[in-house]
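Note that the chains are named A, B and C in the order they appear, and that numbering of residues resets to 1 at the start of each chain.
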Amino acid sequence: MTALRALVRKELAVLFGSPVAWLTLAAIGLVTALLFFDHLRVYNQILFLYASSTMGGFESDTVPAYVNLRDQVFLPVMETLALTLVGLVPLVTMGVFAEERARGTDELLATTLLTPNQIVAGKLIATYGFIALALGLSFVYPATSIVRSGLGLPHLLAVYLGLFGLGIALASVGVVCSAFTSSQLIAAISAYAIAFVLYDFRWMAQFLPDAAAQAIDPLSMHLRFGAFAEGLVRGADLAYFAGYVLVAFALCRLALDQARVR
Amino acid sequence: MRELAWLGAVALLASVGSFYTSSKFGFFGWANAVAGATALLAAFVLWLRRARGLGSPAARRMLMPSVFGVVAALVLAYGLERAADRANLVWDWTADDRYTLAPATREALAKLPAPLIATLYVEPGDNRARSTRLLLETLAEAGAGRVTRRERSLGESPEDVDRYQIESSNTVVLAMGERAETVVRPTEGTIFEGLRHLRADHGQVLYVARGEGEGDLQRGDDAGFLGLAEALKTEGFTVRELVTAAMSAVPADASVVLLVAPQRPLRAEAIAALESWLGRGGRLVALLEPGVDSGVEALLERWGFGLPDEVIVDPASGPVEGDAPGVNPIVFQYATHPATHGLDGTRMTFFRRTRPVLAQRKPEADDELRAVAFASRRSWLAPNAAAVQRGAAPEEPEERREDYWPVLAVGAFPRPGGETRIAVFGDADFASNRYLRALYNLDLLMNTIHWVAQREDEITLRPKTLTPDQYPLTPQQSLEMLFGVGLLIPELCVAAAAWTWVRRRGA
Amino acid sequence: MSNTIRRGAAIEVTALTRRFGDRPVLVDINLGIAAGESFGLLGANGAGKTTFIRLLTGYLVPSSGTVTVDGFSPISDARAVHERIGFVAETSRLYPELRVRGFLRFAGGVRGLSGAPLRDAVDRALARFTLEDVALRPIGNLSKGYQQRVNLAQAFLHDPALLIVDEPTAGLDPLQQAEVRRELREAAGARTVLLCTHDLSEARELATRVAVLSRGRLVACGPTAEILGSGDPLALFRGQEVGA
């Protein structure tokens, strides 16, 4: 465990020793903040328009049900944040193994007391920790608004749980891609390709029979994240995202072993 | 090999990306998909050839456990997900328990006489459908196999659009046998009403008195009672008009007679017809406003109801819509009775300028007569009812008596022709379009009517139609939070990025 | 750095062969390195030296044959082997983002050190290799000479019984080269040292026995003076087998 802890600390130190990680955090936080504010501004305008006496007054039930903080502000921002993760996470994960291999420092790791399983676990833990930090930082601003408006923190937590699951899944894909190459560019591009394929299977419905399209739909990340975005935490969705961790671990271990017998 | 794999991935990415930008697969998408798949396949074949070199015993010993590990991980992941799905572990963290079905909905699903098919009609890209899908999943789960959910694209179902008169995306059609109900804005509440519509046999006829300025059940504005008419139909009644001006007897098929705030005295013949009908086991629900003498008050007094022409003033209730404080009591005190089923201190009802309705004296020993809904203990009666109705402030009487003044009283009176049931409300505004769906007004009124009609199995607390919170945040508040928190953290991260970059350049 | 090791680790290589696909990189290598010996592995670029090291550390798996360190296989007994190994790779194999002290703490941590023993080991290493002045500087900002000192320092943190040094003076200027060789000489002690180099003078200076690889085959093995002292040592690099 000492060796594993040391590896995790090193991974985070290397990650944050690069401007890319900080800029990724800034981008996620900025996207959340600006989108949230913009949607909030428009929502306020609509609301006060309905609240004016010419529209019957705020108490007169003339405000349509769909004009509310959740549907007009909260959910659109979270959808965009989910897509932002799809765009940014591969940039964070592309170097996890690939950069190590390109530098030759993987050979250094191989001479330590770290087992291959620990190497994989340490890198995955550090990557997931970064995702959690990025989401945690972006959580602060919406949480302030939500608590102030009285909508309820549990729903917000459900959304961020879904975002974390989505981030985990994307990070798992990215780390696996990084494990099979020494080129960060290839790792990033392949991670994008796989992430876009897995994100939403609507594109497959174009040329699959209805039954087949419905069968593979539960594999899509977007569908699984969607339930969290609606405030519903389902065990099956949690298991789905946890499955990415399991498979990523196994694939990364395969990549390390394959490199040793190539 | 790697170059081929890379090119294949790029082509596939372009193909999928083209779908997202145009929502369909065109030539560009297809060409890239084919090229990408071909390149990836070629890379895989090359890898296989190269992997033959991995055939040494040592390599096999090293790789086989890892390969099995991948297979095991896939199986385990799939198994975990399936097991979790079967276990149906679901936590509803929405602010309004949107996906936790009310007992009434579960009861309605359990009482389905035939299998139900719930079809969602949606246009691609309609994000509202996600919430509806989850709701339908929840309903299907609770329906124990009797509820099937489907989804159809709106554009590809023109026949259904005509047949079910679907006007917008995110519409649910509930079909049970030959009957179908279109739910326009699907929420648990509207779907519940749709289920009741489907189940309703409309066997019982409810007559609504007309002719003396009563509330108009065909008016759709705030002061009208169209919502009440719709709710009665949803609850399974056939609603008909009873023109009291020409009435000599209550129709034989009447289950219930409903009086909604007559503004002028009923003709003597109408009063006599009502009294005769009640004496033979008739059933009456009266919504009577203060400041009006309709002649029904005297009839009701003969059945033991006291209806002083005063207005309840409840200091515990604040001013509403410009009225004087206290003349619009929020009621949260209820006696235990089927009419007040489920109502308590957290499920309140709202009345507007209401008169007290007292249970004074049972006509006969076996009769039951009770007040069942009360204003707060601090409420008192203002004598200038007519003036208060016109907007004046309530006058305080010389001797102000504070008490739990009742707004609803009910009575059951066994008679030779059957059991007479009467319910009297001291207000009609609470049932108007403006207020019927406020708080739990609908539940109180409908449950009372069901009790009067001896349909106790229909008494329930109805799921709320969605009214999400609409707490406004002022632009100033939003701006404060943006600069105070929203931009500060990204700014610090950018500063850290710059510092890291400078440090790496060896400044 | 204290020479606390009482004895080095012995290396035994039997019929070791490694192929990359159909291309043989090492063919039927038989070699024994005694505990405490300073052994040089020579060869031109591409001769197979680095592959040999990778097989020894377990980074690669042999196609056939065996290699053991003190009787332990780097494949099946990886932990036992890695406890005994300190590895000095080429200078580029460090983490430029990490500060020197932070990197050494990491290197010690992944070798099982923690708490006070780790702090002490890092402090000793910083002192031993004259890195105290640059302890808080990012490795990427150091000169090649300092980076190689960091490289050496991390290999000694856990007092290894076997020190594997791969091209330790590659890319260094003559002064830096002399300094590194001095460090190695002083730090060797009772350790087994396996030095991989294509620099003959370095081999003469640091190794008591050498082996020469040419195109994956062992073409010479014996005392340094004997193998490199007479004739045309470069002929060995061309693949002409001499001695055993």
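We adopt the following convention: a contact is a pair of C-beta atoms (placed from the backbone, for glycine too) under 8 Å apart; a residue touches a chain by one contact, two chains touch by 3 or more.
For clarity, every value in this text was computed on a predicted model and none was experimentally measured.
Colleague: With contacts defined as at the top, give the pair, A-C or B-C, that has more of them.
Modeller: Counting C-beta pairs in contact for A-C and B-C gives the edge to A-C.
Colleague: Considering only mean CA positions as chain centres, point out the chain farthest from chain C.
Modeller: Between chain C and every other chain, the largest centroid distance is to B.
Colleague: If you average the CA atoms of chain A and of chain B, how many Å lie between those two points?
Modeller: 34
Colleague: For chain A and chain C, let me know how many angstrom lie between their CA-based centres, rounded off.
Modeller: Those two chain centres are 42 Å apart.
Colleague: Can you compute the centre-to-centre distance for chain B and chain C, using the mean CA position of each chain? Integer Å is fine.
Modeller: Distance between chain centres, rounded to whole Å: 75 Å.
Colleague: Considering chain B alone, which of its residues make contact with at least two other chains?
Modeller: 53, 56, 58-59, 62, 504, in rising order.
Colleague: Touching two or more other chains, which residues of chain C qualify?
Modeller: 20, 61, 97, 138
Colleague: Provide the list of chain A residues touching at least two other chains, using ranges where the numbers run on.
Modeller: In chain A, residues 17-18, 260-262 touch at least two other chains, as defined above.
Colleague: Which of the residues in chain C end up touching chain B in this complex?
Modeller: Interface residues on the chain C side: 19-22, 61-64, 75, 96-97, 138, 140-141.
Colleague: Applying the document's contact rule, which stretches of chain C touch chain A when the two form their complex?
Modeller: 20, 54, 57-61, 78-79, 82-83, 85, 87, 89-90, 92-95, 97-98, 102, 105-114, 138, 164
Colleague: For the complex, which residues does chain B have touching chain A?
Modeller: Per the touch definition, chain B meets chain A at residues 2, 5-6, 9-10, 12-13, 16-17, 19-20, 24-25, 53-54, 56, 58-59, 62-63, 65-67, 69-70, 72-74, 76-78, 80-85, 87-95, 98-99, 124, 127-128, 130-131, 134, 185, 222, 321, 434, 465-475, 477-479, 481-482, 485-487, 489-491, 493-494, 496-498, 500-501, 504.
Colleague: Which of the residues in chain A come into contact with chain B in the complex?
Modeller: So the residues of chain A in touch with chain B come to 16-19, 22-23, 25-27, 29-30, 32-34, 36-37, 40-41, 44, 47-48, 51, 59-61, 63, 65-71, 75-76, 79, 137-138, 140-141, 144-145, 148-152, 154-155, 157-158, 181, 183, 186, 189-190, 192-194, 196-197, 202-203, 206-207, 226-227, 229-236, 238-240, 242-244, 246-247, 249-251, 253-254, 257-258, 260-262.
Colleague: Using the touch rule from the top, collect the residues of chain B that touch chain C in their complex.
Modeller: That would be residues 50, 53, 56-59, 62, 503-504, 506 of chain B.
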